[in-house]
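Quick one: this structure, given as structure tokens, is what I'll be asking you about.
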Amino acid sequence: MQELKPPIIILNFKTYQLATGGKAVKLAKIAEKISAKRGIYIAVAPQTVDIYRVSKSVKIPVYAQHIDPLLPGRNTGYITAYAVKSSGATGAILNHAEHPLLINQIEEAIRICRENKLITCVCSRTYVSSRSLAVFKPDMVAFEPPELIATDRSVSTTKPESLRMAIEGVKAMDHSIHVLCGAGIRENSDVVAALKLGAEGVLLSSGFVKARNPENFLKKLTEELNV
Amino acid sequence: MQELKPPIIILNFKTYQLATGGKAVKLAKIAEKISAKRGIYIAVAPQTVDIYRVSKSVKIPVYAQHIDPLLPGRNTGYITAYAVKSSGATGAILNHAEHPLLINQIEEAIRICRENKLITCVCSRTYVSSRSLAVFKPDMVAFEPPELIATDRSVSTTKPESLRMAIEGVKAMDHSIHVLCGAGIRENSDVVAALKLGAEGVLLSSGFVKARNPENFLKKLTEELNV
Amino acid sequence: MQELKPPIIILNFKTYQLATGGKAVKLAKIAEKISAKRGIYIAVAPQTVDIYRVSKSVKIPVYAQHIDPLLPGRNTGYITAYAVKSSGATGAILNHAEHPLLINQIEEAIRICRENKLITCVCSRTYVSSRSLAVFKPDMVAFEPPELIATDRSVSTTKPESLRMAIEGVKAMDHSIHVLCGAGIRENSDVVAALKLGAEGVLLSSGFVKARNPENFLKKLTEELNV
Amino acid sequence: MQELKPPIIILNFKTYQLATGGKAVKLAKIAEKISAKRGIYIAVAPQTVDIYRVSKSVKIPVYAQHIDPLLPGRNTGYITAYAVKSSGATGAILNHAEHPLLINQIEEAIRICRENKLITCVCSRTYVSSRSLAVFKPDMVAFEPPELIATDRSVSTTKPESLRMAIEGVKAMDHSIHVLCGAGIRENSDVVAALKLGAEGVLLSSGFVKARNPENFLKKLTEELNV
């Protein structure tokens, strides 16, 4: 498994039909191929139900899109860190704008993920909350203004000042936390702009999943990112 | 795939460690074996993350423990009927006492499951709500008083009158809906009592999952149920 | 206090600034005046914080917009039936489309309201759920398709068939439950159409609250409804 | 209105029957009397429905127990900062352990309260989250370990080290934020211990509300706190 180091790309499959079941496996293999070609860290976050299938098919990191902050036990229908880890996940996205958590759930989920050796990427909607979330020491904070999600306006080019403040806020709290940005990432220039501002990676979804040619998309997106 | 007809046994694996990953597959194979031996309908409901793995390993029906009433799309971290169906599930438990839903979510989830050809088993906590839920025409209503869940006091022996009223209420609404009961089912006599009262099956979890010998447990539980 | 009998008008103040504090009292007095003039049942549902003030100022029924299904005790920040009753409320709206409840919360809230002698008006979003909710025997079911709320297309003229089925469904379950309709009620003809279809009243909000002249609005709305 | 300065006492009435309606007014008058006698800041937090009545009866600050992070508008049944302010509240408790909020709701609620000139007291369950919440710059952070709420074991004597770390964490973030502690506060010595550790006040509920003689209780509790 590759080491978590910038530039970091996390591909969120959400519940898109184009990224379900066999199609999730296919997209993950594309990500694996580009990851090898570029020598950069690319993780995929398929739906919970596809984690096993995807993690058996690729060697790149597989993240859960969400974890409920619960230990194994009753909890019918919930998603535990223990179970996704057992199925091959090595990380988890938490508090995505589409799946927000209570502040105490976030604290608890990060703790439980750590105990289960799952890397955590906590999403934030504002630069202030990016800093607040850094207090819980996740491995990554991904700053994603909700109003840009699934648009073609990227946070790094549309809100550079907010991104810069998110990065500063997180790093002031704990320099080892990686700051990613998300929402509206469509082109290589969006990623380059993000890295120039000090971000260490990007979280993206529809740009990749819905691309006419996801392989070409990802190849272009990751051009000349590596040093 | 076996036809849905009484007596119906649904085994809910919840998030028990003893029923996760490879252990889920093992328990499902036991269920498959007893289902064949007894000639009765036994479904297993593993965690979402284990649905694919379990459904590839057994021929008995595999149910999701929960479905979010959402169509494929964004919805990061949610569980769609489409995705669990794609992974081999043929049914879903909805509104479990540990995972209650808004009334309009239940209506919507049943509708979406139907479109995805997933059998639905909606849980109710009271005999009155059993009747209310029957209005939405799920395939099954499972009456489970929450205070008996994970105890060794079965609903069929502890609350026979409530169970009878749940059955009457559902059947008055739509005779084709199967009524199951759950909570505290531990012994063959609990199942027999339930069937005598007019129930058409049982939903159980800890009794099976935590049994010292789950195969023996299930064999005994299903003795002489069939006509 | 007037007896609950058709035609029933419930005026939901929501959290509109125009219907807060002193303005809530003023609107309630207008409702009281028209209720007396027309001899019909008009209730007002101000914000929780305005219930005391409004109920001390008028003699018409005052409803809570929402009740949490909880008994007095800890529950910081929640709204109990006991407390709103103590402040003069005589009824409660439950499960409004903007404030949906779990099915077991609805059952419990109706029970607790009944114990506290609060009249209950449960909202439904579909004609099927109208029937389902009738099982819990609230005093009223208000059918409000969410897509019409705060528009100027009324349910009674836009969806007459759905309204008819909601009424039939509820009445088949329990003839004593009053069926109201809501969403998009703006004119006398909307109310007349509703009553002609068999509805026994209307639930409205923005039409009244935001009217240039709420008194004229309500006077016109209630013309020739009474027999 | 008194200035917000230590020692700060906030009395949360929760939904206790003993603190509802006329009884809320009576308790608030006791608090007002002791506040004057001791010359210290004492605020009361009655149920939403009692805010108007209490704030018309006393001159001490009245807080809402909870605010939904919403602007006036539709939002049936929700509690806006605008409305509680209109009824005389001057502050709000947010994120109580019994009423937890999403992290983005907390950020938004603090912002909206500030715009409405409502003082904010945000509750935290752990010392780490106390620090995290301080990032949003509420006026106060109240550290309350949930397992001690409504017990007679006070946080200041049972968990002095956690309290000290909560205080340090908050103050490191912003020295002007007042740190309170809560849960299990029953005696003068609990308050004295809290102040000695650096806390600037206490948040309490059942100790006061359920005291045989609330006036004596509060008189004793506040002995020799002031310098």
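Going in written order, the chains are labelled A, B, C and D, and every chain counts its residues from 1.
Following the convention adopted for this analysis, a contact is a pair of C-beta atoms (placed from the backbone, for glycine too) under 8 Å apart; a residue touches a chain by one contact, two chains touch by 3 or more.
Small disclaimer: the values here were computed from a predicted structure and weren't measured.
Chemist: Give a one-word verdict, same or different, on whether subunit A and subunit D use largely identical residue numbers at their interface, taking over half shared as same.
Modeler: Both copies touch with mostly the same residues.
Chemist: What is the Cα-based rotation angle between copies subunit B and subunit C, on a 0 to 180° scale and rounded to a multiple of 5?
Modeler: 180
Chemist: Distance from the CA centroid of subunit A to that of subunit B, rounded to the nearest Å?
Modeler: Using C-alpha averages as centres, the distance is 34 Å.
Chemist: Got the subunit A residues that touch at least 2 other chains?
Modeler: Answer for subunit A, listing residues that touch two or more other chains: there are none.
Chemist: Name the touching chain pairs, please: which are they?
Modeler: Touching chain pairs, listed by label, come out as A-B, A-D, B-C, C-D.
Chemist: Sort out for me which residues of subunit D touch subunit C in the complex.
Modeler: That would be residues 12, 14-17, 20-22, 47-53, 64-66, 70, 72-80, 82-84, 86-87, 93, 96-99, 149-150, 205-206 of subunit D.
Chemist: Which residues of subunit B touch subunit C once you look at their complex with the stated criterion?
Modeler: Listed in rising order, the residues are 95, 100-104, 106-107, 125-126, 128-129, 131-133, 135-136, 169.
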